[in-house]
Amino acid sequence: MAGTAVLGRLTTGWQVAEAVDVVEETPRVRTVVLSAPGWPGHRAGQHLDVRLTAPDGYQAQRSYSIASPPGEPPAITVEWLEDGEVSPYLVGELRAGDRIEIRGPIGGWFVWEPALGGPLILVGGGSGVVPLMAMARLRAAERSDVPARLLLSSRSWEDVIYRDELAALADGPDGLEVVHTLTRSQPEGWSGYARRVDESLLREVAWPAEARAQAFVCGPTAFVETVASGLVALGYPPERVKTERFGATG
Amino acid sequence: MSFFTRGFEGRRRDDAPEGRVPPGQYLTEGFPVLSAGPTPRTPLEQWTFTVEGGAEPARWTWDEFQALPRESVTVDIHCVTRWSKLDTVWEGVSVDTLLEAVDHDAAYVLAFCDGGYTTNLPLEDVTDGKAWVAFGYDGEPLDPEHGGPARLLVPHLYFWKSAKWVRGLRLLDDDEPGFWESNGYHLRGDPWREQRYWGD
Amino acid sequence: MTARTEELRLDGNALGGALLELLGPEGTATVGTCGSCGARGELALLVVYVRCPGIVGRCPVCDEVLVRVVEGPDRTWVTLAGLRTLELPRT
């Protein structure tokens, strides 16, 4: 649903959502499925803002990418950040039935649906995989045959978010191609990539420039910028490399 | 709408010493870095501090500035984003010292900085020992991320007034809202009266 | 422990929530022209600093401040003075 606001006030603003389900993805990462009566639907790649209010009126607000594909209730996948304000609550305290305020969906540029074509190269750093997962889930739900590859950088095999579901998405014809790199520790017998994403890794994994692929890169700022400039160095036109930077504070 | 999130307590405030933490603030051990732009990197050989708007401008090079009488002060600082830090130790030149070099009858100042940031203050908020241009923090030269080589330090007001990378003061007859004061933040910013936004 | 300034630098996607009521859910697709250098692009491409204490969006080419947003308790203040023109795509 496209925005139709001009310089007027929309009624889109904060609304109360109920956590209807929580899913522990990894020891530090959790998905919260939300129910919000006013939710207008969303596109893959969009995010929503969460606002928490303490009894003394203190408020903290952060943005989280939507993990669920269009058509499903909004779900966010949150990584617990040390020293975070909001993530420790969402990952450690919140339980099904709790209510939080949300605002969204937000985003008109870092979005994809099959009609926008491909091939796609999705590159995620840690929890940067979240909006890319919404895209991958949408692609699977619509049985799209747009060629798509996901390169996911994680600290260790235990830290890979959506690990099993990604393996399932990779199965079958027109499956998502999934490439992992594990930067801090690797399981016994690991034969995959074991370093931070750099230009040479991208050269091996990303579509060649001639494929005219659309890239979506998401994660911490330093990661995104290294990958984006790496793709441009490989010949990707800058306008075909879309980026979303996460903050380091949660 | 008074909506509270079950189980969310925000930052802890019970360990605050009596009367030291303004309303709505919480204590921090760290020193959060907040920035509206990239960290400027003016080489010291090019750095100058100017007080303009008086009869004649006064300007100091870095070496001249370092030769001015300096003070070490221990102050509490309060950021409008809710964190407060007690007993921070700074070294710098009192703004009183700088204003003595200029003949003026201004009522307001506008601090201007590398990177374009500005903030406005009434003269009485930067005089009589209330403000410094600080170049040392915690016994070390002020880190660029925290405003080095020098920043304005006005601890009795919210910390957005303590402009990082300050390069001078412009003396004015009328108050001229600075970067944030022209976009919602309070013209004066007294944390004890919780003057965060316009209309507070 | 202090967060390095690098990690506080985001992109225009981070402006979308604060400008939601002004530009709608897809506001980051709004195209702006920098009043200083003339560069033109989606607001999603701005270099954005958050909680500083407000939100600042800068031109990715010349670094000029294009957008300032402060969310107060009952209103949001927005300065778009650095932008010369906004283009709102129609779907």
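Read from first to last, the chains carry the letters A, B and C; within each, the first residue is number 1.
Please note the rule applied: a contact is a pair of C-beta atoms (placed from the backbone, for glycine too) under 8 Å apart; a residue touches a chain by one contact, two chains touch by 3 or more.
All of these numbers come straight from a predicted model, not from anything done at the bench.
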| item | value |
| --- | --- |
| Closest chain to the centre of mass proxy, which here is the mean CA position | C |
| Pair exhibiting more inter-chain C-beta contacts, B-C or A-C | A-C |
| Between chain B and chain A, distance of the C-alpha-averaged centres to the nearest whole Å | 38 |
| Rounded Å distance between chain B and chain C, as computed from the means of their C-alpha atoms | 25 |
| Centre-of-Cα separation between chain C and chain A, whole angstrom | 21 |
| Touching two or more other chains - residue numbers and ranges from chain B | 30 |
| Chain C: positions in contact with at least two other chains | 1, 3, 8-9, 51 |
| Contacts with two or more other chains, residues of chain A listed in rising order | 83 |
| Of all residues in chain A, those that touch chain B in their complex | 16, 52-60, 83, 85, 89, 93-94, 98-101 |
| List of chain C residues in touch with chain B within their complex | 1-5, 8-9, 49, 51-54, 56, 58, 63, 65, 68-70, 72-73, 75-79 |
| List of chain B residues in touch with chain C within their complex | 30-39, 79-81, 116, 145, 160, 179-180, 182-185, 196-198 |
| Sites on chain A touched by chain C in the complex | 1-7, 9-10, 12-13, 40, 46-47, 49, 63, 83, 103-110, 220-222, 242-249 |
| Residues of chain C touching chain A in the complex | 1, 3, 6-14, 16-17, 20-30, 42, 44-45, 50-51, 88-89, 91 |
